[in-house]
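Common to both upcoming complexes is chain A, partnered first by chain B, then by chain C.
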Partner chain A sequence: MIVDDQPEGPAGRVGTSSARHARRGGGLPGFVARRLLQALAAGIGASVVVWALLPLAPGDPAERVLRSRGVAEPTQEEIQATRAALGLDRPLIEQYGSWLGRAVRGDFSESYQTRKPVFGEIADRLPATLLLAVTATLLAIAVAVPAALIAAAFHGRWPDGLLRGFSLLGAGVPAFLLGLLVLYLVVLRLGLGQVLADGKLSQVWLPAAVLAFARAAEWSRLLRAGLLDALSSGYAAVATARGAGRARVLVVHALPNASIPFLTAVGVGFGALVGGAPIIETVFSWPGVGNYVVTAINSRDMPVIQTFTALAAIVYVTSSVVVDVAVAALHPPSRQRT
Partner chain B sequence: MRKSPAIRRSRFTDPTTPSRHRNQAAAAAIALTGLVAAACGSGAVSSQGAPTSSAGSVTPTSQAPITKPLRILNSFKATAVDPALPGAHWCYTFGYCEHPTVAPEDRSDPKPWLIESLSRTDAQTWKLVVRPGITFQNGKALDGQALAASLQRQIDKNAQVKNFIGGSKATVSGAMEVTLTTPKPNASLPWLLADQGLMPVYDAAAVEAHLAAGGKDLELAGKGIFTAPFTLEGLDTNGAQLKRNETYWAGKPALPAIEIRFITDPQARLIALENGEADMALYPPANLTDVLKTNKKLVLLRQQQAQETLRLAPNVGQGLLTDVNIRKAISRAIDYEEIAGKYMSGLYDPAVGLFPLTVDYALKNQPTDLKEARRILDAAGWAPGAGGTREKNGQKLQLVLLTYPQQPDTADVAIGVQQQLAQVGIAIDIRQVEDINATIAKPDSWNLALIFNSTRSLVGDPIIPSRRYFHSQSGDNKGKYGVADPRVDEIIEKLEGTFDAAERGTLLRRLQDIVITEQAYMIIAGLKPFPIVVTKEWERYQVSSVRRLITFETRP
Partner chain C sequence: MTSSAPTHRPDDDAIASQADPSRPNASAASIRSTRGRPSQLRRLWIHGGGRAGLVLLLAIAVAILIGPLLTGEPNTTNLADKLVGPSVSHPLGTDQFGRDQLARIAEGGRRSIGAAIVVLIGITAVGVTIGVIAGVSGRLVDTLLMRAVDVMLSLPSLVLALAVVGILGPGSRNLVLALIVSSWAYYARLSRSCVVTVMKRGDVLAARLAGVARWRVIISHVLPTVLAQIRIVASLDLGGVIVSLAGLSYLGLGTQPPDAEWGTMLAESRLFFTAAPWLLVAPALATIVVVTATNLLGEALRDTAAESSTTITRRRGFLWRSLT
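This part shows the complex of A and B:
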């Protein structure tokens, strides 16, 4: 992940030519190609780990399949037949190749429990998860940016102390506990909202707020640190000397530079949320991907777990690449570091 | 066998029973009464003999029409509609399918339900006479042909049924009669015909036609393939929707509809219940029992008869517990009252033996007796060691006890067992394992396992569970628990072909003598009645002891 510790503000870029940027950081197409190759390597590594979930999980995979299908006492004949039907009697490398080939074509097999294609089942739940992820991300940004600006503007004073307290709370309170507290206080005591969610916009606010809480705490802390660095830099001093007010220096000069690590964190955090928020989705009975996966884990529905892990890895790697490329486009020196 | 009125009304008959035709006539009259009542729209069925079921219901004090649907929160998902598939068995629990026989609430012998009678012509041939006037929800009549097709499809395609009575043949032997031939004598058959989702009666031809036309399993919802009081209208991964079957054969169901939501998180289920978003939540965790007792909006209900058994299963085949003395000492050293009351917050019933005392063949032969436990160990040469753990020939009396996270109660009970056995000098090393079945299949890695099973089937059959746990050739025992006792094998094999209840009782008592008193092949840690949390409106609801939570009589 790229974290720029030497930001250069608009004031600092005055007079810097794009040719010099290119010399310092290399061309963008080359950077993108290198980053894609790295992503491919990460993807292949992830695919091995994901596939290995099935053979490495405790117990005989064939017996596990039969039991998850309700066969309480599978016979040796049934186990052998299932092993052959699922190709579990073939060499591991062959099994991996076959699995990868199908996965690349989008065929992630069928759920042991529902006997429906896993990819389709996840796709059915993706809109609810996307809605939750987008809302939570927007809420977190809406809280984090003003909070960080206020904390930086009042550095060392009580608003700054308040933000640090908020950050600690966000980092320290487990999501499930916060979720249950919100359900108890907001829904039961205040009578606002409901517990049983249906995945619609009108009910997204409570789970999104809980999800946003930890992220807002983390992101505001990150942005605050970046803003303080930027405020102590030379270009901020130049801008101040040129007569810019404190608010202008903070918002126009410091914020764009401080936002690069912040945006990186937001991008990766959003990717993780799209991969599902299992705990919050479960506590709020949100019909998304995370909730589905928790059920699959409880019932050891391995194809679902594999597919979810594979998709989460893909989303994570993709969002990392997108963020890195965006940062590299905005800040050419960062191209050198990967 | 201790007879309840329900059993005395039972119409299972032997070839030697002369009252068969008289019973058939009575049953026909009963059915006619029910049909007339239903046709008149009275919504009530005569208590003089029309089929009634107290399962999952309360005795109605008011016949005011109910307009609100019953809303249930369950942690498990029904994943299929076709009864041949795993995951379809919830139809039994939630009242959208019915079986040929039904288990009474006292879990005594099953009685006819969709059939008028079940009789044997020899040890392997059974005759089932269909109750007249029953139709599937799709309007098609239930007759001998439909029943035979339904039974045969389950025998051929349902893995569990195949396991129990594979190779059996269901043939039409009359307009309203089916002959069922089993490959060997099977005294469990009446229970199998009542058991949860094993052999529900459904329109097999309609299911086959639907699937042959490329229809998906879940699309069977709304096709009216069952005969039950509620019709499954929709089923997906979020829940199920049922509506009243207005033409139900036994009377108009009291509830207009039922909505079931699948909610994984137990706390969310209870908060939703408290917030008025549901009426009933299944599977409350044991560790919330005390909290629930003080909640003014919610009521914790439980079965009158515990259905699940928490076994403390010894590894008889390998390790220290091949020594019968240690097994017997463990059995005596455990305080079953304390396990149920203290460690399970009163949610469990104390264990007294292999079977609950509600059945007349049950023996109370699993006492707590610390003195006797110490005496047995002393006599076997296990002397108290320096750290309090007994030793013999330099070997410590230390045992590995398995628990598993899918049943959190096992962890709490394990702590109780550990503390209680420490009092007699047995050290317990608790190990939580992800896949308990896989670990048990490696008998060199454990000594004791806390595992949920039932020593009687859901509907009360003691024979099939006995084979599973104690027969030397059973897949659930061989190479796992390691019980291999020719006397036990002989009793079980006899039981499977014994149709006389008194004779069966004698065999079952002998079995308990051996497996509990003489050999301690199994230790019962506790009995778990199925709990349900309801809102105040439903506080008079009675939790079915055979897990039929919804019947046509169910109402607040």
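This part shows the complex of A and C:
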């Protein structure tokens, strides 16, 4: 997806790209440094977008703060006091500067609503979101890999068609709709699971399965395409000519090479999930980060929105950096991927 | 479907490979070869998925535009008739305020599809403008714009969309704005790379050598080509935008009650799951049908246009699945 568009890979030892990389002066450390800078730029970029939009937000900021704290009709004095206390009377760029300065030191501001540090509030909800992200990713891998292997082994026959149908379904049924249907059919009709989840391991299955469905469909299609590509290549023919069985060619020779784009997609998908799956978390009342942010948005809790945006962007970009570096270390030819 | 070609590279989203300097007249040749071929509509009709998508969308359009004439007002409440199941007078039942579900589905459909089209027009306007400016400008402007695009592209669209709605406040207008802000960058990159290719084309070089003004070259040679490519991408993205709008409306970030919208209706239906399951089924099915139809049509458009275009290789919608 997005990371595939990144033009450069790390230093290529292989063939044609080495000259280009020599010109760029990139080694693996240089590549890592460049990508980390990108991650930082993304985090700052996200915060700039959020802050640049602030003046467009309706209403007086101090009044907004008081309202989100439950003061229905704030008096002029209260508004003045809040404005001074939170520094809302200073120029926007100055406010942004001081926010950024504190954020770099790990001090994100306090929630308007609860007056607790936003960072702590998000950290409290991170375990539930992580549990969901890990389970969903593992489930999706567990489905996608065998499905892709079978589809590639029976290319053009009915198991392949079955996978195609599955991936069409995965693309055609939006995840939140699937979640609602599952909630209705499994929880309310069959009486399995809970309508209100508590974020524990025993209840993670339904939301994780729903999240895994679309990802399994996407990833299996990706892996299948890679496998077919690998099977039609020279080394697969050589392996077959030297007497390797079909299963061996598929699993030992084709799979490692085909798994590179697959791993990239898995890593990036996981990074996105760690930032929270607001829609699915809301559907299943899962007490994770995404759910928290939706609540914050509905009560106009600006510091929460600002912190979440910056953190989610950094987590997402960092995870794609980690994936890129891991792939480059695992698979030298991919370093010259353009 | 993308996976039907065994040699298809999984990451061929990258469009950089389309520039083929060894065949500068390739596009001219392909324009010649389009003469005498069946029209775009005819090709869509021959394409199985395209025919299915066209028929489905046409049926949906008729239902949404003509349906309200038969079903009455979507916001008329009738508490005597609340939570009534499907019947002759209310084919899809009524909700907790006794409002006719069929009328609300039609109203919601107009709102969802209309908003999705506005989003795509917005993304196209912003993305193409920035992409063309970057593509025809000097190195400094190009680099600056593309660095900004890189930053935007490296951010998860869902997070950006949430941030924008969070700051501006929930509401359908702000949601549309949020989706535009969070996804214009891809269109900008696509347009820029298309512009760079077009600028090397024979007819453009000839026009520039003949002294045609720069803006004129851009308007009459560059823009039509860019828009032809973007149109395909936008049609592939339509389904994804509809899903994103419905999903974020489900969270209460889009259309506000009492107005009908599929995501909002689904959110409201949650309280009456057991008592009135039809409130869940109708908007859910409507969303799935519309999304499937637009996907089929988008892919058919891509497949039938692929013969005359080199830029868009086999590609699924970009916004697709970006907001699950």
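Just so we're on the same page, the second predicted complex is superposed on the first by the 292 of 338 C-alpha atoms of A that agree within 3 Å, B and C clash if a C-alpha of one lies under 4 Å from a C-alpha of the other, contacts with A are read in each partner's own complex, and residues count from 1 in each chain.
Keep this in mind: contacts are C-beta pairs under 8 Å (C-beta built on N, C-alpha and C of every residue); 3 or more make two chains touch, one makes a residue touch a chain.
Fair warning: this is a prediction, and the values are worked out from it, not measured in the lab.
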Fit or clash between chain C and chain B when superposed on chain A: clash
First (chain B), second (chain C), both or neither touched by A:Q113: first
Greater chain A contact set [chain C / chain B]: C
Touching partner for A:A208 - first (chain B), second (chain C), both, neither: neither
Contacts of A:V294 with chain B and chain C, given as first, second, both or neither: both
Which of chain B and chain C A:A328 touches, first, second, both or neither: neither
Chain B versus chain C as contact partner of A:L131, first or second or both or neither: neither
Which of chain B and chain C A:E121 touches, first, second, both or neither: first
Partner chain in contact with A:L188 - chain B first, chain C second, else both or neither: both
Chain B versus chain C as contact partner of A:V249, first or second or both or neither: neither
Partner chain(s) touched by A:R221 [first = chain B, second = chain C, both, neither]: second
Listed stretches 25-33, 349-357 or 403-411 of chain B, narrowed to the one that overlaps chain C: 403-411
Contact residues common to both interfaces of chain A (with chain B and with chain C): 57-58, 180, 183-184, 188, 282-283, 294, 298, 300
Chain A to chain B touching residues, read off their complex: 57-60, 63-64, 66-67, 69-76, 78, 113-115, 121, 124, 180, 183-184, 187-188, 194-196, 282-285, 287, 291-292, 294-295, 298, 300
Parts of chain C lying in touch with chain A, wherever the complex brings them together: 1-3, 6-11, 13-14, 16, 148, 150-156, 158-160, 162-170, 181, 189, 243, 246-248, 250-253, 266, 270, 273-274, 277, 280, 284, 287-288, 291-292, 295, 316, 320-324
Residues of chain A defined as touching chain C within the complex: 1-5, 7, 38-39, 41-42, 45-46, 49-50, 53-54, 56-58, 155, 164, 167-168, 171-177, 180-181, 183-184, 188, 211, 214, 218, 221-222, 224-226, 228-229, 232, 261-262, 272, 275, 277-280, 282-283, 293-294, 296-298, 300, 302, 305-306, 308-309, 312-313, 316-317, 320, 337-338
Chain A-facing residues of chain B, complex: 73, 77, 79-80, 85-87, 89, 159-160, 163, 217, 237-238, 261-265, 267-268, 271-272, 274-275, 277-278, 406, 433-435, 437-439, 441, 468, 474-476
